[in-house]
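For reference, the structure is listed below as structure tokens.
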Amino acid sequence: MPTIFFYGPKLDKEKRREMIKSFTETASRLSGKSKASIVVYLRESSPESVGVGGELLEDREKQK
Amino acid sequence: MPTIFFYGPKLDKEKRREMIKSFTETASRLSGKSKASIVVYLRESSPESVGVGGELLEDREKQK
Amino acid sequence: MPTIFFYGPKLDKEKRREMIKSFTETASRLSGKSKASIVVYLRESSPESVGVGGELLEDREKQK
Amino acid sequence: MPTIFFYGPKLDKEKRREMIKSFTETASRLSGKSKASIVVYLRESSPESVGVGGELLEDREKQK
Amino acid sequence: MPTIFFYGPKLDKEKRREMIKSFTETASRLSGKSKASIVVYLRESSPESVGVGGELLEDREKQK
Amino acid sequence: MPTIFFYGPKLDKEKRREMIKSFTETASRLSGKSKASIVVYLRESSPESVGVGGELLEDREKQK
């Protein structure tokens, strides 16, 4: 039953597959729970709705 | 003040109404908190961004 | 794979059983997903660490 | 490393900037952690997918 | 109905009061929702169960 | 700024270190974000407060 949430940038499908596979294998091996019982949620978070260091991420990225 | 989050597939409006009603009544009855104080968030999660058993749900559903 | 989180007061074991049973049946019926695939997390939240209306819940409860 | 999640209505960009700035300053001052280490996620939640008092928020707003 | 979650270090009661008050006032002012409808959850997170930069926070703090 | 939450059983310290290291490396490699910016929260969830398949996990584990 372990459940994993990832909040981060949008990833293309091949990377989503890899992330789910890797997180699930690591979580199963370390928790002793079967891979079948593990759910991973990839929650996209765009720079328009995240703040880092008190600033909108979108603004920070433009400054670079 | 209880708060409930549901992560799952997109539901049509009538089902969203039923889910909110049922979750709220159950939570109010068992926690002793008023229904007015309970908030339910239905957070849609598409098969393209969920993993089950180490695989993208979208891929699993295609195999069936 | 639906996942439900409940943030609220500590409940005794019989009430936790009822809440899990009811939430799972409702979620399964409305989402069309099997009950076996649904996970419910009951996350206890004490009045010392919740705010309602800008006040610590513990303070509000004392005023009554 | 503190992390803040806000679930609420969609805000325009200037308000998102203000919310991130204010939450981060408050969290840094009270937790003693640097502003640079604090992340804020603004998670939009529409009236079609939130329930208050057992009713879909969209339905409640129409009644007023 | 906005809901705010803060994941961070344990705070003493006076700081918890201030954080709840400040977050609620900011969220109410910017979202246009009443303060009475806003719930804040302070979720304590200890250095033994948080990772930053790939390391357990407890280990990082010892190195300093 | 990616943030990862793991809800699952209590792990001993060495396993927590491994999980944080592995999740962070995978998330950094696939998202292109620096490891330093990634935070992992390990949120312990005991069998007394989790439901699987409509039953309290604690009850299910006793039946086996």
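A few remarks follow.
All chains are identified by letter, namely A, B, C, D, E and F, in their written order; residue positions are counted from 1 within each chain.
To be clear about the criterion, a contact is a pair of C-beta atoms (placed from the backbone, for glycine too) under 8 Å apart; a residue touches a chain by one contact, two chains touch by 3 or more.
Remember, it's a predicted structure, so these values are computed and weren't measured experimentally.
Shared contact partners of chain B and chain C, listed by label: A, E. Following the contact convention of this document, B, F is the list of chains adjacent to both chain D and chain E. Placing every chain at the mean of its C-alpha atoms, the farthest one from chain A is found to be C.
A centroid comparison over C-alpha atoms places E as the chain most distant from chain B. Where chain A touches chain B, the two copies mostly use different residue numbers: shared numbers make up under half of all numbers in play. Comparing the chain pairs B-E and B-D, the larger number of C-beta pairs in contact belongs to B-D.
These two copies of the sequence, chain A and chain F, are related by a rotation of 180 degrees on CA atoms, to the nearest 5.
A straight line joining the Cα centres of chain A and chain E is 21 Å long.
Note: centroid distance chain A to chain C, computed from Cα atoms, is 24 Å.
Shared contact sites, meaning residues of chain D that touch two or more other chains, fall at 1, 3, 7, 19, 23, 37, 39, 41, 50, 52. All chain pairs that count as touching, in label order, are A-B, A-C, A-D, A-F, B-C, B-D, B-E, C-E, C-F, D-E, D-F, E-F.
Residue ranges on chain D touching chain A, taken from their complex, read 13, 16-17, 19-21, 23-25, 28, 35-44.
Taken together, the chain C residues at the contact with chain A in this complex read 1, 3, 39, 41. Residues of chain F that touch chain A in their complex: 1-9, 11, 15, 18-19, 22-23, 26-27, 30-33, 37, 45, 50, 52, 57. Note for the complex: chain D touches chain B at residues 7, 45, 48-56, 59.
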